[in-house]
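What follows are several structures.
Heads up, the next two complexes both have subunit A, just with different partners, subunit B and then subunit C.
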Partner chain A sequence: MIEYFFSLVIITAIWALLAQSYNLSFGLTGLFNLGHIIFYGVGAYTAAILNTKYGWGFLENIGAAALFSGIFAAGFGLLTLRLSGHYLAIATLGAAMIASVIATNWISLTNGPLGIRGIDEPEIFGITIEADSLLFVLLYVTVVLLVNILLYKLFHSPFGRLLRAIKDDEIAAQAAGKNTFKAKTWSLILSAAFAGIAGALYTHYRLFLDPTIFALPEIIVLVLMVVVGGRGNFWGAILGTILVIFIGELPRFIGFPDSIIGASRNIMYAALLIGTMFWKPKGLFTFFEKK
Partner chain B sequence: MSELVAQLIWNGLVTGALIALVALGLTLIYGVAGFIQFAHGEIVALGAYSFMVLHKLVGWEIVPSAIAAVISIIFVGLILERFFFRPVRDEDPMVPLVISIGLSIGLQAVILIFFGPNILTISKKTFHSLSLFGGKILATPSQIWAVVLAIILMGGTILFLHKTKIGKALRAVASNRDIAEVFGIHVNTAMRWIFGVGAGLAAVAGIFLGFEQNLEPMMGVMIAVKAFSAVILGAVGSVRGAIIGAFLIGLSESLLVGLGIIPSGFTAAIPFIILIGMLLLKPEGLFGKRFTALRQ
Partner chain C sequence: MKTLLDVRNISKRFGGLHAVENFSFAIEKNTIIGLIGPNGAGKTTAFNLITHFLPRNEGSIFFQEKNLKKKPPYALIRHGIARTFQQIRIFPELTVRENVLLSLSWKYDSWWKSFLLQDESEENATAYKLLSEVHLEKHRDEKAGNLSYGQSKLLEMVRTIATGAELILFDEPAAGVNPPMLNTVKKLIRNLKAQGKTIFIIEHNMPFLMEMAEEIIVMENGKFLCRDVPTKIQKDIRVLEAYLGGS
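Up next is the complex of A and B:
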């Protein structure tokens, strides 16, 4: 039972980091990028490949995943950030599909649909940390907290305010002499680097990785977390993550038969998403804000 | 060789015709209501399932079950418009779009609960031999009907938009909702028409898709995603652009894989490779400058 609780905390921590990284580009800057899951997947694959082929450890992999996802995002941004609105959404959704196809077919690198097995558990200062142990929870929560503090600073820095200005009115931001393309690209790069870290965390927790990491349901869950909490709101993404993971576990608690757990979870996600949009289109976190 | 090419062109035409029917509804909804309807693929799936229920379980003939299926899906479209999209019509376009994402996963789950994860089929394929595109090809009757009916429906939609009073009203709403309202056009009526027509076209596509492939809850996702690409390829909101984009995607998918230019594992990526390539060369869409929203 305690292990189940630990595993929930670990999963929530990983998703909280991923959702917060998405909140930076999608929420704060307003880039409607439906391909964010690519950076998570790139980070996860970077960690898995470096670990299984070259024996890199947990901490190096986190750095490598952040770096590689960030570099990847720089190229991705140059290709897609000239687009905006719905064009950007569909082009990036397409990019996620292409990523999935590449991960499935580039067998020599990713082992295709069979996936990568035999990834090592995290090792810090020579101590191997087993999954679902208290130490593991502490490690992951610490990493996620540190990155979230960094993100909090970023959200409330002058750069963060520039990103918010771009979302509200890009032309006005340009008129104020800001290079908005550069700012948007940096927002995407940073957001991707943090998503890459989340990917590396995922890899070293699950110890198995296959191309379903790029799948459409994952993209929808990510959108759900950020939109339900409140786009561009730092605490909103955290609230959204906790709420979505809690609701996702409900069918199991209630004791629905296995055959409809997935379907009933999706119906609850749909109700949460649609309910939020009707009731609090700016996100549920607006509850806690002063008038 | 020419036999193969002719067959591939035919297959591409069939796929293109189905994508075009879906893309037509999407582009109309985008043009008039201003957002991409992510649940459009699930309307396609509902069309296929309701036809399957009437034809195989109730045992009606093909034509009456198809007509009944299309009519019931038009009602589904109207219900979605009334209860999910009308209340948020004046919000940021992100709001209806996010709602449609919610509807998409919700409807998939509903189909899964009702019909289970099992793969269902509508009918066995019977092929006819035809001479077309300089070679003998094999085609099923449903494929021939799909292409013929799709062309009729596409022409019909264009005529409807340009020659009827309602069609002109729809274009007026697409061009400027507020001014159209000032001139006495009922925006509610326009929205009903657009969602009804869109759902009807998607249902037709769904019925034919049910003859081409197996029925499963996520069957609408792939064709919807291809239709999104077609819509963007031809510039969002343009009717002719979406049709041309759909056939471009259908034909290139069939020819590139069939002739071995791209390995078959990469089939799912082709629409997006074309799309992203095009967006880099011409970000305003293939026909962005010439065919602006719903005017041509």
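Up next is the complex of A and C:
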């Protein structure tokens, strides 16, 4: 039972980081990018490959994943960020599907649908930290906390203000002398680097990685977390993550039969989204806002 | 006097429509110039061409004797050409102060600088001063989206001035503004002039321009019609015909 609880905390921590990274580009900057899961996947694969082929450890992989995802996002941004609104959404969603196809078929690199096994557990100062142990929970919560502090500073910096301005009115931001394309590209790169870290965390937790990491439902869950919590609000993404994971676990907790867990989970997600849209369209964080 | 802006034979076509055609004029430094013409004459389009928010089909523009070529709009602002929009553009979700801060501080436009150094006390002081000029300082921590139409207009003007540009283009600053606010607008523009800035104003409000502008340029059907001091423009038969003839 305690292990189930620990695993829930670890999953929540990873998602909280992923959702917060998405909140930077999608929430704060307003980039309708539906390919964010690509950066998560690239980070996860970077860690898995470097670990199994070259023996890189947990901490190096976090750095490498951030770097690779960031570089990947730079290219991705140059190709897509001239598009706006719905065009950007469609192009990035397509890219996520392509990423899945590549991960499935580039066997020599990713081992295809069979996935990569034998990934090492995190090792810190020579101590191996086993999954679902208290130490593991502490490690992951610490990493996620530290990265979230960075993100918090970024959200509330003048650069964060510029991103919010772009979301409000990109033309006006240009009229204020801002190179909005550059700012959007950096927003995407940073957002991807943080997603890459989340991916590396995932890899070193699951110890197995296959192309399903790029699956469409994951994208929807991600959008759900940020929208429910409140686009662009720092605490919103955390709130959204906790709520969505909690609600996703409810069917199992109540003891629904396995055969309907997936479907009932989707119904609850839909209810959560519709409820939010009616009740607090700007996100549930507004519930805590001072009037 | 020194020429600040030199516009040579610019043209803009929207499909078959010649919104601006072979339009040329020059503006001297530290003057207030008006731009008038009937609805659809091409005034706003001319502003969009000068600020590069629209690409021109022909012609060239020199600012401080430098050819602007195809610089993007944000770069022009850093060169010293800033503008407001006929349809107000502010950042409704940002606070009033943030709206101004945004065009005040260049130094934090890159994320890592903004991340390391976050001291904006100087910018905050400047923003406060600018906002006081238009009596918005009390609203500085409110969302800009909550301001009235007139206040939003003043905020947009202040944000434009805050860029520090030498040449400032106002697209109908007097439209929809109540009399007390109109006085604020006039004071703001006179202050700019006193600081050595150059101001170019599109306006339909003739009494306002009569009072503010040193010279007025008239456009009709995308073309240059004439240019003179306001008292002469007011009596110019060609101008009267342009307005009465309708377009």
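Operating definition for what follows: the second predicted complex is superposed on the first by the 291 of 291 C-alpha atoms of A that agree within 3 Å, B and C clash if a C-alpha of one lies under 4 Å from a C-alpha of the other, contacts with A are read in each partner's own complex, and residues count from 1 in each chain.
Assume contacts are C-beta pairs under 8 Å (C-beta built on N, C-alpha and C of every residue); 3 or more make two chains touch, one makes a residue touch a chain.
Computed from a predicted model, the values in this text were never measured in an experiment.
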### Query
Touching A:A165 in the superposition: subunit B (first), subunit C (second), both, neither?
second
### subunit C versus subunit B, contacts on subunit A by residue
B
### Task
With the two complexes superposed on chain A, say which partner A:P281 touches: subunit B (first), subunit C (second), both, or neither.
first
### Message
Looking at A:G94 after the superposition, I want to know if it touches subunit B, subunit C, both of them or none. Which is it: first, second, both, neither?
### Response
first
### Message
Quick check on the superposed pair: does A:A271 touch subunit B, subunit C, both, or neither? Answer first, second, both or neither.
### Response
first
### Query
Is A:A183 in contact with subunit B, with subunit C, with both, or with neither (first, second, both, neither)?
second
### Task
Share the list of subunit A residues that count as touching for subunit B in one structure and for subunit C in the other.
none
### Summary
Within the complex, subunit A is touched by subunit C residues 51, 53, 72-75, 77-78, 82-85, 89-94, 98, 101-103, 105-106, 108-111, 114-115, 118, 120, 159-160, 163
#### Entry: Of all residues in subunit A, those that touch subunit B in their complex
32, 79-80, 82-83, 86-87, 89-91, 93-95, 97-98, 100-102, 104-105, 216-217, 220, 223, 227, 259-260, 262-267, 269-274, 277-278, 281
### Query
So in the complex, which bits of subunit B are touching subunit A?
30, 35-36, 84, 87-88, 91-92, 94-95, 98-99, 101-106, 108-110, 112-113, 116-117, 221, 225, 228-229, 231-232, 236, 263, 265-266, 268-269, 271-273, 275-276, 279-280, 283
### Message
Quick check on the complex: what are the subunit A residues that touch subunit C?
### Response
153-154, 157-162, 164-165, 167-169, 171-180, 183, 186, 190
